[in-house]
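The two complexes that follow have subunit A in common; it is paired with subunit B in the first and with subunit C in the second.
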Partner chain A sequence: MNGNDALFPQLATLGSSLVLLFGIALLWRRSLGAYVRAFRWQSLALALTFALIGYFGHNHELYVVAVILAVLKVIIIPSYLTRLYERVGGRREAQPYVNIATSLIIAGLLVSLSYAITRPLVAVSKLPTRNGIPLAVGLILIGVFVIISRRKALSQIVGFLVLENGIALLAALGTYGIPLIVELGVFLDVLMGFLVMQILVYQIKDTFESIDVEQLSKLRH
Partner chain B sequence: MIGYLLEIGQALLALLLAPGLVGFIRMVKARLQGRRGAPPWQPYYDLRKLFGKEAVVSGNASWLFRFSPYLIFAATVVVTMLVPLVAAPLPFDAAGDLLTVVYLMLLGTFFLALAGLDPGTAFGGMGASREMTVAAIAEPTIALAIFGLAVGAGSTNLGRIVAQTLSHPGAVINPGHLLGFTALFIVTLAETGRLPVDNPATHLELTMIHEAMTLEYSGRYLALIEWAAGLKLLVFFSLLANLFLPWGVATTLTPGGLAIAVIALIAKLALLGLAVALIETRIAKLRLFRVPELLGVSFVLALLSVTSSFLLR
Partner chain C sequence: MKFLLLLLPPFVAALGAYMVRPYRATVGWFNALLSLVSLGAALVFAGHAARGGEAPVFGPGELLRADGLSALLMVCVAAASTLTLFLSPGVGTETNYTQAQFRRYQVLINLFIFSMLLAVSANNVAIMWVALEATTIFSALLITLARSKSSVEASWKYVLIGSVGIALAFAGTVLGYFDFVALAGRAENALNWPVLLQNAPAMHPEVMKLAFVFLLVGYGTKAGIAPMHTWKPDAYGEAPPALAALMSSALFAVAMYAILRWKVVADAAVKDHYADNLLLALGLLSLAIAAFSVAQSRNYKRMLAYSSVEHTGLICFGLGLGAAGVFAALLHLVNHTAAKSLMFFLAGDIERRYGSPAIKQARGLLKVAPWTGGLFAAGLLALVGLPPFGMFISEFALFRAGFAQHHPWVRGLMAAALLLLLVAFVSFITHLNRMLYGEPPAEVAAGETAGWRLAPMLLGLLALAMLGLTLPAPLETLLQQIVRIVSR
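Entry: the complex of A and B
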């Protein structure tokens, strides 16, 4: 036990709230480019939080995870996303199902809700990182909310990736990092899932000439 | 006794610094845009010129039009006495806490909107309506953002909040703190009529908010309103600087401590001014209908700030 003990919980919570902040910033934006940028910054903050937990938790595997995460989610996936929306067109989330002001209020409520539901967990937990747990759960809920409230297939992909970031954050905060091999499997899954979705978006675009998922409910076009 | 002298000194300091701050931001902006720009003390000349000029008042205007500038100015000066600019426990702390500060500012905004409506010009009414739209969403956010800190300090007293943060420096990297700072920063831009919400340098009446209400003013009335607007900017900046990063604020009334506090205040104001100038150079004005969305972001951040400060106490 040393003097870092007071600093660690603070920094872990700070990192988590930064990650959450970018999740909320995403809800405010309209252009798909801004979605991708917000996701990129969020992933960077997440990678830093991983490195931070690795440093204070003396788990050096987490550094490796942080680096892979940074390469995958800060560089590879965002650049693919950028290429995707440039090729598919439709740069704006013109009319989300839930308008932006309401989305923001709902996001606030979701985070408050996650504070309420994780309260018993935080109360019994002895982890120094426990204060970040409600924020991670809030981010997961916001990810789900982005998926259900946005029209464009691309925004929904970003929502899925945000959801995944939330789960990764929760795992890191709750366990100080799951084994590297599991983490690698998860990354591979995310990448595969993302590639599949990318192909799906091209298919939707080919068939419907739009990536608005509203079109999918029509039987004929 | 010395405390009251300090209060007066603090208000005088704020009055003195406010036009300089406005001028400084204008100069930095000009430099960033590749212009030479006016020197930072230009607003002082402007104020002197305006005070020397004859005040022309529209024939349709009532007493309200003439009375409002004085009230706006007075309300803002009172606020400078309640906000910890250079020293933390102030004798007037008992007279008003954060709610008083917020609502004194709102009083100024309210009378400015009334004065905009009073002469019956189209632009004045438009400006007043827009200002009220912005203020109605921004005002609760200010209170809420500072409440996030107040929960931690156990008091809505601004001096107590500063003292509390000084004695627990670790609290500065709290999520509540961070979220509150972001929220208050966005609201500062909105409330003081800076860019993404309002363009302080605009000459296009259709996009004006603050300027539209002051279009009919001239002479000493305009000088008072401009000065009060500068003061308001200074008050918001020092709330941001001293509540969230209180280092430098004097807790004991020694000449050395006060000197450091004044220097620290000027340095923090200059830093924030630089940040605002940078932001104003980088971004464009938002469409008016997107402004509530931006303020919605800051409201949610403030709400989360309070939630997390309350639950993570």
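Entry: the complex of A and C
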């Protein structure tokens, strides 16, 4: 058991770092294909982290969650996303509102900020997974930043999905898994939220003939 | 059993509307009548709670629970839903929707109502979250029912802002649960509100503070507390009037309910008025932004949306002012639900008559449609808090609770709020004057659009006036029961 006790915190931190790293990878890529690939890898890393926590934390429900997560976020949603950008065009995030170099600096600042705001949390916690918590909060903030700073509706969807991954990671690290029924409800909401966003992208494409959200600026006062 | 009578009707209604193809008006009527069952169940719960009965629970792991607070919200949601379903397109209104649009509307609006009722009857705070997230999904699809450029734009902004907000609320829920797990280990029903509340005093205040900030920002986005209110004028302005009515009355109330539930837990864990101060600060910001936005509005639907932001601010204020404030805030919530569910229908009728939502265009309303115009004017006067309507009483109670506080800075805050209300008041009256009087544009034909639908709206307005003249005894005892739950 002693070997496990030393190994678990390290593996948990490693898993969380990988999940965060794929989130940052979004920021230095431009093509929507690369966005989807980064999201797919991130979800895979997340599913493995879930399984890891399930194994060391002796919570076998987490295996079920990891499998559902992998099916949903590694297979189903990325394939829908790929089909979506192939149909509506606009393969590149050509001119984000914030350029790539600045985006990366901001991402660094956001992760530092998340270390500052989660300090009380990490201080009171005795969980072996506590070192991953600032990374999860950092990923949540990066997800919000992607939504704000990117112009293509599809990039914003990926930003939202990354944000959801950050929250799932936070839940797994902080609580070793929330009750299964809640987890299922969350998955259902993510899937339906994604499908609604997809429908809206088609509607934006139909009515505006482009998915650049720059054009969504009619409503004022 | 009562829970089934509450939750099943909207679900059955959605299913029925989905199966019957093509849409027929009988489906709309049937669904409207069915919603009376929900309303009845909600009233039974409210009566039970007002008599001080033990909160009934239902389902595995006490999934559903109806204490006084839940019961009050059930009545608000069910009553607004019933009114909406009777006034819906495809029931009484002539609209240029196609059969497919009517059918889609009936399915989605009933699912929307179902998720709101589930959110207020859920005992588990995470299930409450799941239900609230579902409301975003169903309402987003309804906003684009007309499929115009501006409605698609509004819906996209609403979905993005709403989803981010609700995701942050989930992070807050997890943080609240996080401390619980660290404290008591993994337990069955740990996310049930009474269990959470019971363990709250032992929770770490710093963690709870962080959790509450996430929850306030998250659910505050759904409620439209400034500065997270930016989706509100877009969504309310572009949504079909029936949906705007339901979102501004019922959905808003449900989001404030979620904040209140967590505030009680936060208060039990953190002692130094932390949640109160946050609510007061955001309340003042909402009032300020609303007051100046109303002055600038050129569109009466967006003006009503800013009125919502104003009342959001007032209710935040009340929730942050101790027991008397909570009483006033909840009464205000009831009044607001009654007033707002009428106003968007009237605004929708005015827009159809004039063909434009611009205040400038809608001149001479009293000449064109005296009944619609009169009701609209009365509703707006109720919203700005004039007697004899209910909001006068609740705002009065709210300010009395504020000025009774010992801290001089709270009194200063209340004085600032009063000033902002005055700014909003002047702007509302100016806009209303421009709409009511003057010569109507030549191309607008005179006549009422609403027809028989004026009757239920008149009934709503009478209820609002009644709440201003007297506080019905059952409502008062129910509110007192709730205050006992909420501020201990």
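Definition applied: the second predicted complex is superposed on the first by the 215 of 221 C-alpha atoms of A that agree within 3 Å, B and C clash if a C-alpha of one lies under 4 Å from a C-alpha of the other, contacts with A are read in each partner's own complex, and residues count from 1 in each chain.
Heads up, the rule we're going with is that a contact is a pair of C-beta atoms (placed from the backbone, for glycine too) under 8 Å apart; a residue touches a chain by one contact, two chains touch by 3 or more.
The shown structure was predicted, so the numbers you read here are calculated from the model rather than taken from an experiment.
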* Looking at the overlay, does A:E214 come into contact with subunit B only (first), subunit C only (second), both, or neither? -> neither
* **Per-residue touch tally on subunit A - higher for subunit B or for subunit C** => C
* Asked: Regarding the shared-chain residue A:L7, is it in contact with subunit B (first), subunit C (second), both, or neither?
  -> first
* Which partner does A:E86 reach: the first (subunit B), the second (subunit C), both, or neither? -> neither
* Determine, under the contact definition given at the top, whether A:L104 touches first (subunit B), second (subunit C), both, or neither. => first
* To do: Report for A:G185: first if it touches subunit B alone, second if subunit C alone, otherwise both or neither.
  => second
* Asked: For subunit A, which residues lie in the overlap of the subunit B contacts and the subunit C contacts?
  -> none
* Asked: In their complex, what parts of subunit B are in touch with subunit A?
  -> 170, 173-175, 178-179, 182, 292-294, 296-297, 299-301, 303-304, 307-308, 311-312
* Structure fact -> The subunit A residues in contact with subunit B across the complex are 6-7, 10-11, 13-14, 16-18, 20-21, 24-25, 28, 100-101, 104-105, 107-108, 111-112, 115, 119, 131, 134-135
* Of all residues in subunit C, which touch subunit A in the complex? -> 61, 124, 126-127, 130, 133-134, 136-137, 140-141, 144, 147-150, 152-157, 159-160, 163-164, 167-168, 170-171, 174-175, 177-179, 181-182, 186, 190-191, 204, 206-207, 209-210, 233-234, 237-238, 293, 296-299, 302
* Which residues of subunit A touch subunit C in their complex? -> 59, 117-118, 120-121, 123-127, 137, 140, 144, 147, 153, 156, 160, 163-164, 167, 170-171, 174-176, 178-179, 181-182, 185-186, 188-189, 192-193, 196-197, 199-200, 203-204, 206-208, 213, 216-219, 221
